Amino acid sequence: MNKPRLVLSASPHLLGADSTPRIMMTVLLSLLPVVAAAIYTFGPSAFLILCASTLGALLPEKLVGKQGSLKDGSALITGVLLGLTLPPGMPLWMAFLGGFFGIAFGKLIFGGLGQNAFNPALLGRAFLQAAFPVAITTWPKTGGPWMALRGDNFALPLMSPQVVDGTTGATPLGLFKFEHVPTSTSSLFFGSTSGSVGETCAWIILLCGLLLAWKNYLNWRIPISIFATTFLFTGVLWLIDANHYPSPWFMLFSGGMMLGAVYMATDMVTSPTTNLGCWIFGAGIGLLVVIIRIWGGLPEGMMYSILFMNAFVPFLNRATRPKVFGAPSRAELRAAKRAQKQEDQT
Amino acid sequence: MFGKDFFKHGVHPPEFKELTAQEPTRRIPFPKEIILPLAQHIGAPAVPLVKVGDRVERGDKIADAGGFVSVPIHASASGVVTKIARAPHPNGSWSEAIHLEVDTWSAQEPRPRIISNWQENLSPKEIIDAIQQGGLVGMGGAAFPTHVKLSPPPEQKLDLILLNGCECEPYLTTDHRSMVEFPDRVHLGTRILMKCLGVQKAIVGIERNKPDAIEIMRATVPSDLDIEILPLEVKYPQGAEKMLIKAVTNREVPTGGLPMHIGVVVQNVASVATIAEIFETGLPLIERILTVTGRGVRQPRNLIVPIGTPLEDILQACGGFAEDAAEVIMGGPMMGIAQGNLRTPILKGTSGVVVLTTEDVKPKDVYPCIRCGHCLDACPVFLDPQILGSLGLHQDYETMMEHHLSTCMLCGCCSYVCPSRIPLSHIFGVAKASLRSQGVRV
Amino acid sequence: MSQADQPKSASAASIVLTLCFAGVLAGLLLVVVYQATQPRIQAYKDKMLKLAVEEVLQHPASYQTLYLVDGKLTPDLPAGSSAHDFEQVFHGFDQQGHSLGFALVHARAGFQDTVRVIFGYHPQTGDMLGMRVLESKETPGLGDKIEKEAWFGEQFSSCTLPLIGVKAGKGTGDRHEVDMITGATISSRAVIRILNEAFTEWNPLLQPLAEEEQP
Amino acid sequence: MGDLIWILLSTMVVNNFTLAYFLGLCPFMGVSGRVETAFRMGMANIFVLVLTSICSWALNTYVLDYAPYLRLISFIVVIASLVQIVEMAIKKLSPTLFQQLGIYLPLITTNCAILGLAIFQTNREYNFFQGLFFALGAGLGLTLALVLMASIREDAERAAVPAAARGMALVLIIAGSLSMAFMGFAGLGSAA
Amino acid sequence: MRETTPSEDFLRGVWKENPVLVQMLGLCPALAVTNSVENSLAMGIATFFVLCGSSLFVSLLKHFIPHEVRISTYIMIIATFVTVADMGLEALVPTVHKALGAFIALIVVNCMILGRQEAFASKRPVGRSLLDAAGSGLGFLLALLMIGGVREILGSGSFLGHPLFGPHYEPWVIMILPPGGFLTLGFWLLGMNWFRARKQQRRVS
């Protein structure tokens, strides 16, 4: 009998088909329609911003990341996601800086993929929000020729953008918060409003999210609990005073809610590992978004809510670990303790 | 009292059972040499009763139980003891074994040892002794001496015999064939168990992917016995004792406890069939049904092989290796152990031989953990393999114990689902071995 | 530290004595420094307040400090109390002794922390004379423009209370409108709200005093 | 009441003592290795902060009006003796609580959050209840920051942190990120 | 304890055992007031003054202070000097005093100062104690300037109030906000660790 060279590997000898690069690539592919919609809406500016933030994210990964860590595609996703959250008219150097900061200080400092505590794309954006509060809230007007730039993309590095008055618009959330002008849900849903590069077209993001959830590449509990909490909380407020508070549909489809709930909050590394944890995590984000949007100083709170809840993830993971099979339940433990105490007393 | 037909979590790997599910069992020619390791079961190894040069007949006891948690070993063929020396053991080590040179022209007729009229003549105690003397161990893979499971402490009340016909490991069809071909033996074995334990109720749990087995078993249930055939969800590791109990009765075996502590005795269907054989034919456990399968073997088959047959002869009987065969596994692909030596013998607890191809074993890149949580969703005992894995990589075994490492049964679900291909169950195995060497019970 | 280094245990009396001595010494030193610095500090504080009051009342010839005592504004403090126990209003007069208006200090939560504002206005017309942010911790480069950008403060001198905020350049020329700072809407609104709140709170008290001539 | 709640929330998240005012950094850096310890430290801090608030309010109202230059000395003396008394009282009343909190109490004396509270409370001329809510908010904020930091650090301990970032550098950058995350609450209560 | 030379006493605190960058002491003022070079300078000098003053007094009085109450006495001495510094700053440079706010008073709980008293001034002669205090104070000032420098240059585009990059510079506002403090110090530590590791590697190879 012929005897082949035998392999000796550890069990299990059968592995599932999913792999980390495959997950990353699928997420990236699912982002393509979102990117396409962004370019359709905002023209070349959107494309430039996405390129700049992606380059910014790839550079530190290439310089100091582990050998071959570019291959897993995670830095690429961070870059694209960051680009999608920025206003299209922002100077490119800022987008680049955001990507660089997000990866260098949000991810590599923790040891690279899988180790970071905060979503690197959002951390990059939070950095930009804190560093350049004006540039990141300067939104272009909708409409106009497709080829035109939507702002001063080509401002020199470290220099301020030259904003021409009259070309700036306002996001639906900003309009609501500061001028109390609501935007119709249909224009939010189909993306004809002003806003960040990739956040205006709700239905495309939702579809891509459904695809990812079906592939089990995102934990559907997170977006569902975010949506449910936001909807219920706003709904209650809206029923109390419909003139003062926005409608729950408006809340759900405006701003970065869709992009954040589908792509940011579900980042595997920075969301809880337990399902119960995911429910709480999502509910926390939903609550915070409503609180910040309605009572806070900023019109949009998605980014901060997710970052804030990111910080709770290690804690949630610990607190929501399921009861191990065969171990006594909490109630049983309590009963045992009580019995012990009684025994001690007698 | 009864739960659902499934437990929570677990995985569903591709089954590959179609390769052998319809293959009837067949005998193979006796090999030239039979190797019988003294430690074929959990517990103390057996003590040899023969010396080099002794002639033994098929079915003779050649080694006696080394204690209560131990069973004798019987010659699985007539022949001459050539040596008692170290031989490759399926667990990867070398261990003491009795080597038999098989008589070429022997009829291999066993000496009759029929236990007549056991129903009237034997007390439960005597039945259990007979089972021990028959060398019986769990044949599903764990090889736990059967009589130990049947000897609960006197104050423990048992109310259910649970027959494990799940066979959740992919590829394997051993139990499947036992049930299809020998349903009466399974029922007879159940009858014996019920008598000796004084339990009135038995349930046979069978995964739904074996409809023929379910049907045949149902059709053959003796009218005077309360045996229920329960179809179960197809899910790995449905056949793990604790999972099966949870699925059928919704009871949880407490950490560190045994099924008997919650009133249940679980037996593999093949073991039960062998119990019947002991009392029916008088033959001890000297042969077993074995699935030889995988795309790396030319003719996947279900065989009846003498215990101690080397792998080589078994593969020979199945047409040998295919062109691209690459890995030989004893047991199922999820928990089985890869073999490097083809002289390794089949043991009482070996439920199958799976030969994988180069394609199946292609090395895969390992990536950092991305905390996707899939392992938590897969772990049937609700551990946090993600934390355990990272602790294991830092060799922080003590903290691993705090995270219930001892509950882990190395089923491999976490490794199976891990998209980063982190060998989690291997890490846990190493941790357990290291802790055990320090005398920690895990 | 080795045992030999350890000073031998001191008696309770010496401990108390040392502490008392140190306390007295410290107290003495502090009193001296306090006496030396206090006049300058107080003078600076008064000067800053005076400057602010004069600015928001558009340089009155003189002004008078009124204290809110038991719901009434009086220029005299009750005996045995100090000035900072009461809320204060500054009443400005021109050279002829005619009332110009009142200056008020009011504070409220801003974007980061409390924003404290002083402003002057005429209680009958509601016309404002001036506004200045005394204290704020708003975002540098954005919210702090309410304090740092001159035009923001200056525009108030041509406004009439109560105010409404409008986007810069979108106003209709109404005297109730205030241009907000682009990107710092919250901080701008905080200022506007402070002024409106102070207006509703104080106007009933100030209205009757508006005709008063300089005593 | 709204005023009090604003003080509480503002001190807890908007102007978090640790992440925005840099007060109590010593325990934040030193005692944030384990969640359990961090939590207990936070609890001990809340307790002492509330007591300090009451004491400094009393001092300000009844004593220091006449000698403002003694403010700092009297605060620090009062805090030190307060901690001492609390320690003794707990030891006497509840030995188990003492076991849990005992070692953290002396550490609190040199914690600038306590003195900071007293000084801020004085500068802002808070009355008794405002001071109480201020202390409560400060303590809760401190505990929140501590526990979050500790849980993130526990995870980071097993991460492959690059050698140059190990230790305080990483802790500071996590703190910076946390501080950024807390910035989202700015303006809370100012818009409505 | 090994005998040290006077220059060692002085230099140790400046760099090798820098209170902020190495010993991580006095972080509260090092981060809270370093949003501009001017504030850093003022805080550094105030701390320097308090440290030298209290070291001088502690060293002078060390034989009269009973061991049991030494900490309370030190704190009292420190608090006195801080109050003096506080009032002095308010009288002389009121704008700086306003910018530093409560953090001047908080010098009292700067563990660095108490640490120097306990570790050095209470055991050594007056001159040495002063040298040690001056070294540590200088090190503290240096660290504050390093942090304040980065924060002002990036955060306002200026140094000591002088614009560096022209009128079109876009300031990184975050640097003068609280996160900027944490990030800047973290960045300095990161750089120093990296540099040290590289130096060590060179020495090995």
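A, B, C, D and E are the chain letters, set down in written order, and residue numbers restart from 1 in every chain.
As a convention for this text, a residue touches a chain if its C-beta (ideal position, glycine included) is under 8 Å from a C-beta of that chain, and two chains touch if they have at least 3 such contacts.
Every value quoted in this text rests on a predicted model; they were computed, and no experiment measured them.
**Q** Tell me, which chains sit next to both subunit B and subunit E?
**A** Under the touch definition, subunit B and subunit E have A, D as mutual neighbours.
**Q** Most central chain by CA mean?
**A** If one averages C-alpha positions chain by chain, the most central is A.
**Q** Ranking chain pairs by how many C-beta pairs touch, which one is first?
**A** After tallying contacts for each pair, the winner is A-B.
**Q** Name the chain whose C-alpha centroid is most distant from the C-alpha centroid of subunit D.
**A** B
**Q** Based on mean C-alpha positions, I'd like to know which chain lies farthest from subunit C.
**A** Checked the centroid distances; the maximum from subunit C is B.
**Q** Roughly how many whole angstrom separate the Cα centroids of subunit D and subunit E?
**A** So the centre of subunit D lies 22 Å away from the centre of subunit E.
**Q** At what distance in angstrom does the C-alpha mean of subunit B lie from that of subunit A?
**A** Centre separation, subunit A to subunit B: 48 Å.
**Q** Distance-wise, how many Å sit between the C-alpha centres of subunit A and subunit D, to the nearest whole number?
**A** Subunit A and subunit D have C-alpha centres separated by 31 Å.
**Q** So, what's the distance in Å between the C-alpha centres of subunit D and subunit C?
**A** 29
**Q** Could you list which residues of subunit D touch at least two other chains?
**A** Each of 69, 73, 160, 165, 169-170, 173, 176-177, 180, 183, 186-187, 189-191 in subunit D touches at least two other chains.
**Q** Multi-chain contacts in subunit A: which residues touch at least two other chains?
**A** Each of 105, 109, 112, 115, 127, 130, 133, 177, 297-298 in subunit A touches at least two other chains.
**Q** Give the residues of subunit B touching no fewer than two other chains, as numbers and ranges.
**A** 368
**Q** Show me, using the given definition of touch, all chain pairs that touch one another.
**A** Touching chain pairs, listed by label, come out as A-B, A-C, A-D, A-E, B-D, C-D, C-E, D-E.
**Q** Under the stated contact criterion, what part of subunit D meets subunit E in this complex?
**A** 19-26, 29, 69, 71-73, 76-77, 80, 110-112, 114-116, 119-120, 123, 163-173, 175-177, 179-180, 183
**Q** So in the complex, the part of subunit A that touches subunit B is made up of which residues?
**A** Its residues touching subunit B are 1-16, 18-23, 72, 74, 112-115, 216, 219, 268-275, 278, 317, 321-328.
**Q** Can you name the residues of subunit C that touch subunit D in the complex?
**A** My answer: residues 23, 26-27, 30-31, 33-34, 108-114, 139, 186, 189-190.
**Q** Taking the complex as given, what residues does subunit C use to touch subunit A?
**A** Per the stated touch rule, the residues are 111, 139, 141-142, 167, 169, 182-183, 185-186.
**Q** Within the complex, which stretch of subunit E touches subunit D?
**A** These residues of subunit E touch subunit D: 24, 27-29, 31-32, 72, 75-76, 79-80, 82-83, 86-87, 101-102, 105-106, 108-111, 114, 174, 177-183, 185-187, 189-190, 193-194, 197.
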